[in-house]
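Report on one structure; see the data block that follows.
The first chain written gets the first letter, and so on, giving A, B and C; residue counts start at 1 in each chain.
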């Protein structure tokens, strides 16, 4: 189950990162990018960045700004160094940076807004981590959702920070049926319906949209980035995206939204999180994760409806809400084997730990002291 | 304080239920129905079902489907058997089934939607039970509200699952005064105003609407079903419904809504829950419960206003919110005698326990081990 | 750092208050008024009241009604006497009373509505205090916000309790730019723009609006009232108001709203709370508090947008939300020195305690018993 060459490269990099402050910083930031999809691996983060810049230099630049602001804030406020090193104060920051730049018009003020958002995401991350430590529950991307919602809702009342055309105030109308035909939005080009091309687009754009990247190639690159760190997570990213699109198609969601991956990205995150990361991968947890992914596609529609009167986007709130519910239940369902936050590494390592008895009901936790619970404090080599 | 014949019948039934897997399942499901109004009694559940089917076979059928789906999910995921046997994974499921069928047009997809909703309600129930175990706070019908809201909000974006005429998107308008005259909606028949007939309708439909049953006879049957298990709970159901309607009439709420019990059903649940179930019944807790019931009628209007821009129903969210607030305060108010979740049975048994010193400040809890807190794990004979 | 004459007068008053039930009650109620801005001082409360009555006898009268109702409810339900004596069941009540009278037309029913609101605010206060005791987190003005929102949302459906002209249902419109010129609303008199007069108005009305008092003189009186108890808190009130207005002006918020202090009052509360009250005042916590104040001005716009489709006001929800986030993070940020809720007195006393080692990382808390956590149970002399 070793990942061979990429794994060895990662280890060589780790040695490099440990000895040099600049390299340490770069490693920290790249892990922050990787953590957007639960991959504590600088190489994954680097390939994620490549995928973003392939699509949009502007979004990539603002993402890096948010990433730097959130990570720097954590340092300045004296957050735990191990948590910072694992990128846990970076992934919300990069999402805030990309998200604000995605929905707002560019001007000078936006730069300050993104820096402020990055800083706020770090305070929110620490706040939610403390709040949820009672249940050993991860904050997930809730700090990003909270920060981005607050800063996006606000601009509707501001003259100097303006939403772009993606923000459309449109209260729901029960008399209007959505157009379900699968097709591309902007160009109108290409065949309409369940063609292989359209289905491939929905599948990979669903992975790309996790970071607001509406591009097939970026989705492919993101999948490869995950694969470098965890084959299981890559598989569940694919399954999640497919299931999200399929669910949306079945209930008759807007075909353009399905084509562009909007019903997929929350399902991708649910599937990765529950399919091996926070539960040991078994047949039962696999089904549990995929049902959650399916439900997240419905919840995407629910939260979109809820926010339609103010024209605001659901972001990854469907993923956060569904995954919290499915994780909170863990202590009561004997059919599942949860992984404590302090033990989270990769889906493959959890499987190995389960086989050797380090993780699961046979684990030696009762009479041995354990590290305090916090968001995934995996040791950095 | 023994309930005589019905109680003896229930005991005979318990013996039957214990020995036979089919009977055990039936007993489990019926207790789930009874738990909708905090009555852990299969006979109460059976009479509730009769009351539903008298009004609508369709709603009854979908209710049973949700009930079965939620209970089966709890078994498959390995939930605690005692909790399942007490119907604690059933009451949200039946409400989800009835609620979705009440607001959505029928088609084949609705069957799958209800099954999924029942399953989700069980995961949400376990999640909320774990979340609230920190404060020994019950989940109440929050799993139903959460599940039904998410699945109902979503359909406004789906072509293959459609809301019926009961879902009306209508943003609030401060210039329009509600019509306060008490009267029936559909037919327009009958006298208008505070007539005995109209007041009787409001009173009993308020009890029926707890399970979406807008029929006087069903309200009477529900009241009898509660009475079979607890005279105190039946009394508070009546008082709650009366107080909810009276409050709404006083502030000038829509008279059609009052006639059809819409201002009563949350007050019914508040009054039962706080009037003897989660607090020992005393004069002070009775007043506390009735004030909560009164407030729940106001909160019904508040949540209805909040959801008006997307046309969605308040469901039992007013009950859940008000009861949580009034229960969370329990540790700080010496004038009230709370009943621990692990000790919840019937209002009558709590009174008896208080008199004999088993429940209340004199109870021997400090130095004796207690069962872990969870939603009402009353032992099933 | 002693406050000299005012402090001595306060101590003389304390002796008087201790010996006489009427005086004790008056002292209790005045402390409740002072606690609106975290000042547990009856003289501050008295001057606050003077500031309110200078502006509006009606608002003052309803404020006193809510204050009395909430405090009496706490007595009747058997809440902890020390908490009551410190005014912790009063500050939400007075805000509910003023808030309901501010947004609703006067009629006889309003009196009952305010009494009910005061009572509900006390139950909510106790509920939230118990809920948050897990994290040693204060309820702040959340009981007021929750109570006032529920009772205000509701009236849109009631014929006998009507909103006044301040409640305007106006869904957001992305095509309309706000008018940013700083100016007075009603009269239209006076110069427009960044004039000293307009800036002074924004500054002091921001302090007055904490209690819905849209008057420059009231803001000055409020500031003096705070100064009597804590020079640090008075300074941060000023800084918060200035920063809130400045932030709003920078992003281009509505100039009339800025003039009337609507972007200031949440920032005032954030700055006081985080600038010396819940953290020991250091350069780092000062910056932390001011960043929170700045963010609260943005969050005011966010929550206003969110509630625009139902025309409802943000109240102090921005302050509550931002301060909770910034306080929840405290356990994880080593750069800050939190003050435990049981130790909260004045910003000056915290500084002194920090210097003498009573508060902070060197404090003798680990092996000494401490009082149970609750909202600021400062001993009353």
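Basically, a contact is a pair of C-beta atoms (placed from the backbone, for glycine too) under 8 Å apart; a residue touches a chain by one contact, two chains touch by 3 or more.
Note that this is a predicted model, so its numbers are computed, not measured.
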{"item": "Those chains which touch subunit B and also touch subunit A", "value": "C"}
{"item": "Chain copies touching (subunit B, subunit C) - same or different residues, decided at half shared", "value": "different"}
{"item": "Separation of subunit B from subunit C, taking each centre as the mean of its C-alpha atoms, in whole Å", "value": "37"}
{"item": "Shared interface positions of subunit C, touching two or more other chains", "value": "134, 171, 309"}
{"item": "For the subunit A and subunit C complex, residues of the former touching the latter", "value": "76-80, 109, 116, 119-120, 123-124, 126-131, 134, 146, 149-163, 167-169, 171, 309-311"}
{"item": "Residue ranges of subunit B in contact with subunit C within the complex", "value": "134-135, 171-174, 177-178, 180, 250-254, 284, 288, 291, 294-295, 298-299, 301-306, 308-309, 324-336"}
